[in-house]
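All chains are identified by letter, namely A, B, C, D and E, in their written order; residue positions are counted from 1 within each chain.
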Amino acid sequence: MLGSIYAMIGVALTLSIGVLKFLNFSIPGVFMIGGMSTWLFIRHGMPWPLAGLCALAVGASASLVVERFTWRWMRNAQEFVPLVSSMAFLILFENLAVAYWGSDLQSLPQLFGNADWRIGGLVISIPQLLGLALSIVLIWGLSLLLSRTRIGRGLRTIAEDSDTAILLGVDISRIVPIVFVIGGLFAALAGVLFALNYRQVHPFMGEALGLKGISAMVVGGMGNIWGAIAGGLIIGMAEALSIRYLGADFVDISVYGLLLFILMVRPTGLFGGASAGARA
Amino acid sequence: MSATDPILTLDNVSKHFGGLAVVENLSFAVRRGACTGLIGPNGAGKTTVFNLITGVYPIDTGRIVLDGVDIAKIPSRRRIHHGVARNFQNIRLMPHLSTLENVLVGQHCRNGGLFGVLQPVSLVPGNRWREEARAALEEAGLAAYERATVGSLPYGLQKRIELVRALMAKPRLLLLDEPAAGLNPAETDALRERITAICRDRGITLLVVEHDMHFVGALCADVIVLNFGRKIAEGTPEHVREDALVREAYLGADAMEPRYAS
Amino acid sequence: AQEILLGNLFAGAGPFATLAKTNEIAVQMAVEEVNAAGGVGGKRLKIVSFDTAGKPEQAVVGVRKLAEDDKVMAIIGPFSSGECRVAFPAGERSGVVMMSMASSAPKLAEPFTYGLRNTSDEGYMFRNVMKTLQEKKYPIATGATAYATDDVISKTMGEIVLPNIMKAAGTEMKVSVTFQTQAFDLAAQVSELKAMPTDLIGIGSGPDAAVRLAQELRRQGHKGRLVAGSTIADSELATRMGASGDGTVIPTTFFGGANDKAKKFEAEFVKRAKAAGLERTGASQFDAAAYDIVLFYAHAMKEGKVTGDPAKLADERTKVRDILRSMPPFPALEGPISFGKNGDALKPVYIIEMQGGKWNLIGTHASGS
Amino acid sequence: MSGYLEGVLVLLAINVVYAYAAFLPIAAGQLNLGVAGFAAVGGYASAYLSTTLALSPLIAIPLGGVAAGLVGLGVAVPVLRTRGIYLALATFALGEIVRASILNLEVVGGAAGYPVTAFIRLPTIAMFALGVTVLVWLLFATRFGIAITAVHDDERVADLMGLDVRAFQVAAFTLGSVIAGIGGGLYAHHFSYIEAQYFSISLSISIVLYVLFGGTQSVIGPLLGAAVFTLLPELLRGSAQWRYVLFAAILIVVMVIRPQGLITGAQIRRLLGLRSSASQKERAA
Amino acid sequence: MRLEVNDLHVRYGRVHAVRGVSLTVEEGEVVAVLGANGAGKSSLLKALMGLEPAAEGRVILDDADITRWPTSRRVRQHLALVPEGRRIVTSLTVHENLLMGAFARKDVRSVDAEIADIYSRFPNLAARRDAFASVLSGGEQQMLAIGRGLLSAPKLMMLDEPSLGLSPRLTNEVFALIGELNRSRGLAILLVEQNTHKALELAHRAYVLELGRKVMEGLPSKLRDDPSLRDAYLGRAEPRKHVAG
């Protein structure tokens, strides 16, 4: 399950970096916003499906704000530079959340009676399963959009050279916000799923998961949506297995060791095809 | 072509990309001290030949002999030490360096040891290397752009900077890929004169790719014509121009169109 | 000077922000009380605050500012062990007393003379938990531990304190699982615990992870009782754990329902917290500890006839230190408290059990028992 | 000097050292998110040396830098197989591995952290920071600086110009590690205590931000960036709980105005009083 | 479609690249812009396309003032630019690059036929249809850029050195193609070209820029006969070394 949350964050990130060459560190912040807003709306008495939808809207709007103040201004800046602004947004979101709701971990009430599904000793929660299915469907749709359509081609052009895209009539001030909204929706959806499943949220929940999400994305091969999913599952599995067999002491060593190993063997991730080689 | 004393010989060189044969069984020699033209239709493999000589791509078969040394076996980085320098068809200057610094990069092969690398080029007044680079820019008429960040310079100037950079390596063999592209006829003439003078004074052998036949005709003593990665003709410019195959594949119908007389 | 300054190092931003905010309320209450009762030698106490954002480096800057520039008599805080570790050496060099309200990493204050902690040893606290369980005849035949390994307090709790004390009380230890403080998904650990259900599950972690663990345990249907040290004591824990926390037993150094003084304090505290926009059901042990720190300082300053005269600052600071370290049990809010050789407080322990989202007092143990 | 000021200056000096540790690899096109890992190696190694062998911090800290450099050199070759964001992630993983290993290394206290007895004050720290700054400045006045940028801009062409691309990349990475190690050593000996959790990814990220914010194209950039990141939150103390909110907002606004970082190469040339190409051309016209 | 430029200025920070240029391109006209390196020709075209903001001046297309229009809107109004340096999208295939040319078009039906037409004119491209554009030779990239420009169904097409890197034969073909499109479809052309002879041969009128200023304008024959221009842009006149016949 955690794997699928990593994957969704990974997809949000990969969308941003693959399509816009923008390592968007605010995604973990949007994830947190998704989670925290779900909690907030439920606390104010909304039924959970409505709260989830509202949280998605809040997340998408936050992502739009990020676009307005980052990509738009620095699409031609040197690589890595936008990292500063997007990181600043993460700091901003977190500290705003702390200022308004405190640094506490907040709990959500139990929403689904006994929705667990028991097979032998294994307990699978139905909402978790639904979340996983939902994320796979969404991601599948997204990958079709990118590879098949005119918009997808336009986005790939923006990724390589936004000036050329403009020249060809791509209205980047309309298309790029859409990308941010989609990314924001994925991140916020991950946050909502997280809040509903784990029933707890706090202002710094994005950081740890965000890092795992980035790992998932990169292991899978950046810009490759299915790769992000596979990466998410691999990281999730590696974590679970090493906890089971090595103990929590070695989780980081083994997960990050695996990551490092994969990158050394395949420097562009598992499914990252060598990009079109430049020539002299 | 009388390649009695060739500085460079390609011997049965082939290069495939995937299934595509871009250079096939290509053999030719470049006479020392002369200027040889390499022409052919778009996509004929001219740039690829340059890339093979400088080691951007490894060759599939054959030998590339520079002054008796088979440089095909030498890593690309070392080849400039053997005296081959080049420019690039799609200008490749370092966008974050100034004009002067780009030219300084060209000196690297002559001053690249640990000592050379740690020599302060920009602090000490009158540093030998910096002065040399400035003098070269001055000579090329580029002194005014010394400190400009190259990315914002117009195409034609970038082309000229690239030439200066290549010359800083003090090469024996200079490979120029379309040096006159983007220059108007007057500028092209000036460039040709400059190149002729430099090569004469410094004893540099030249191999140039160029589509401007006036330029090639005026500059080169020998011409090699490629099509589909194979050599289809060679000889003097006049001879090649007459060749039916060349006219068909490369020059097209009005190949002979003269320049406008006044 | 008409005032005597006390420094307050608080973590206004970062993960301890909310805790620090309530601490400030407690500190303010104590200062007002002391001043209402005539202050110290006729001089009013005044707080100078410094926000560390929970960052150790900034705690050091804070100590230096408070000690050298503001020339405070003593410092309240810092909050966390991470900050104490670097702030105590700095305080030692500046010669100013500091007292933490929350740090409980083992033996942290031992090397220092000016560094004190108004917190108690976890071993001592947990021993009293087992004592109460035995007295109440709760089932304790089998036990397990679950603890975080990337945080030193949790790790010592899980590896040494909990198993040793449980064993000493006659519990047979069956399983031990580990996790990371930040880990969200504890399903794997819980299914391991579930494979061999035990009467007790000792938790070594902070409150957040404990909440997660409790929820996952109940989700998977484990019925064992959770026990822990004061690391998970948090005034809102009961609300946060909800029904999944039923039966949890922990020690705490402050319990609002313990006596009238505590009740009065808690009522006032909740009122003020509400005014500051914080929904609290009670005060946490850190709030009480912060409150008591001010009382200790006021007491020591009175005792030492501190004048606040800048010329005598160094001497008076040392005097405050010496009085605190040799103080006979002082009747503080949390009960009679004195300081041990290792710089930690000796204080009474209240054993509380969670039932229906509320804490009930099930045992009280006097200081040093 | 006021204790507060001195305390802040210490932080500034250490951050400047860290910033240059990240700057060197960034100048060569490597986003090293493992700076904290190398700082940890340097910090722990120097602390261990000064504590157990009673070495003077003045010797132990450079030795810590050497230790970090050796680790850097050892991993540079495999890690530098990766590029761009992959490289960033590989170094991030590396940093986390170092941190997690220290957490399990009982010789230096494991999760309990490691107390350091020797103590250094602002003058020593400032001296180290100054030394590192001067060193990097000098280095960028030589062909080395040009070569690093060339390698960053176009590896292929750099190679054809005879530059040993790999050697320069490894050198930048390793030198960066050495400086990171020195930074870690300074931290350890001033704060008298180090723990693995301090050397986390957030430290690496903030260090990288110093450089990106200050500007990656000139040697002044990291200095400026470190200064802003250290001093701005201090200046904003008055805004209480909104401190970091404001801080982040200011960063965002500054980056909107100056997407290339506070200072760029072209500006430096202008600042140094050199006539810009533009005015020269105008004159030529 | 008629383009009118009034007193246009383009600045890059402190560099004043275009200084008050006025020109017109009438319906169905081929207009050439000549000038030395750095004269500001490319900057002018970029400003007309909206890729660089106009610091001063006005750009009028038919009757609309388009000075502040975003590029995408200009493309939809059938303005196209084949830019300097080709700006091929190397991570797309040749075919996808061509499709990108038609990005802003609404009438998608005829695109396939037009692409087929491009392929028949440039067989090199047809042969590399599914290759990444990054592997194309310089001349092939130029063909791709021209083809891509044509696919946006322009009514006014601006070309920045279209013959750059093309073989003599292809240069002729490209110029022939431009002339043909101009005649058959009434496509207006604004042409920046270093191959001065060819450009003057094709153009109905020409302008000359120098250091960002317009210094001359008129019919090609007039420019050709201007001695100063001849020295600066046409090269010494004597036909050298080439063999007639």
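Here is the rule we go by: a contact is a pair of C-beta atoms (placed from the backbone, for glycine too) under 8 Å apart; a residue touches a chain by one contact, two chains touch by 3 or more.
What you see is a predicted model; the values in this text were computed from it and never measured.
Among the remaining chains, those touching chain A as well as chain C are D.
Each chain gets a centre from the mean of its Cα atoms; the one farthest from the centre of chain B is C. Across A-D and A-E, it is A-D that has more C-beta pairs touching.
When you average the Cα atoms of each chain and compare centres, the chain farthest from chain D turns out to be E. For the pair chain C and chain E, the distance between C-alpha centroids works out to 75 Å. Look at where the CA atoms of chain B average out and do the same for chain D: the two points lie 41 Å apart.
With each centre defined as the average position of its C-alpha atoms, the distance from chain B to chain E rounds to 28 Å. For chain D, residues touching at least two other chains, in rising order: 103, 156-157, 160, 217, 241, 243-244, 276, 281.
With touch defined as above, residues shared between interfaces to two or more other chains in chain A number as follows: 95, 98, 249, 251-252, 278-280.
Residue positions 15, 38, 135 of chain E are each in touch with at least two other chains. Interface residues of chain C facing chain A in the complex, by the touch rule stated above, are 13-19, 21, 148-150, 178-180, 182-185, 187-189, 191-192, 194-195, 207-208, 211-212, 215, 219-221, 236, 239-243, 278.
Residues 26, 31, 78-79, 81-86, 88-90, 92-94, 96-97, 99-101, 103-104, 156-157, 160, 201-202, 205, 208-209, 212-213, 216-217, 241-245, 247-249, 251-253, 255-256, 259-261 of chain D touch chain A in their complex.
For chain A in complex with chain C, the touching residues are 1-2, 95, 98, 102-107, 109-110, 116, 121-123, 125, 194, 198-200, 202, 204-205, 208-209, 240, 243-244, 247-249, 251-252.
Put simply, chain C touches chain D in their complex at residues 12-13, 17, 51, 53, 56-58, 60-62, 64-65, 67-69, 82, 85-86, 89-90, 93-94, 105-106, 111, 149-152, 155-156.
Put simply, chain D touches chain B in their complex at residues 138-139, 141-144, 146-147, 149-150, 152-154, 156-165, 217, 265-266, 269, 274-277, 280-281, 284.
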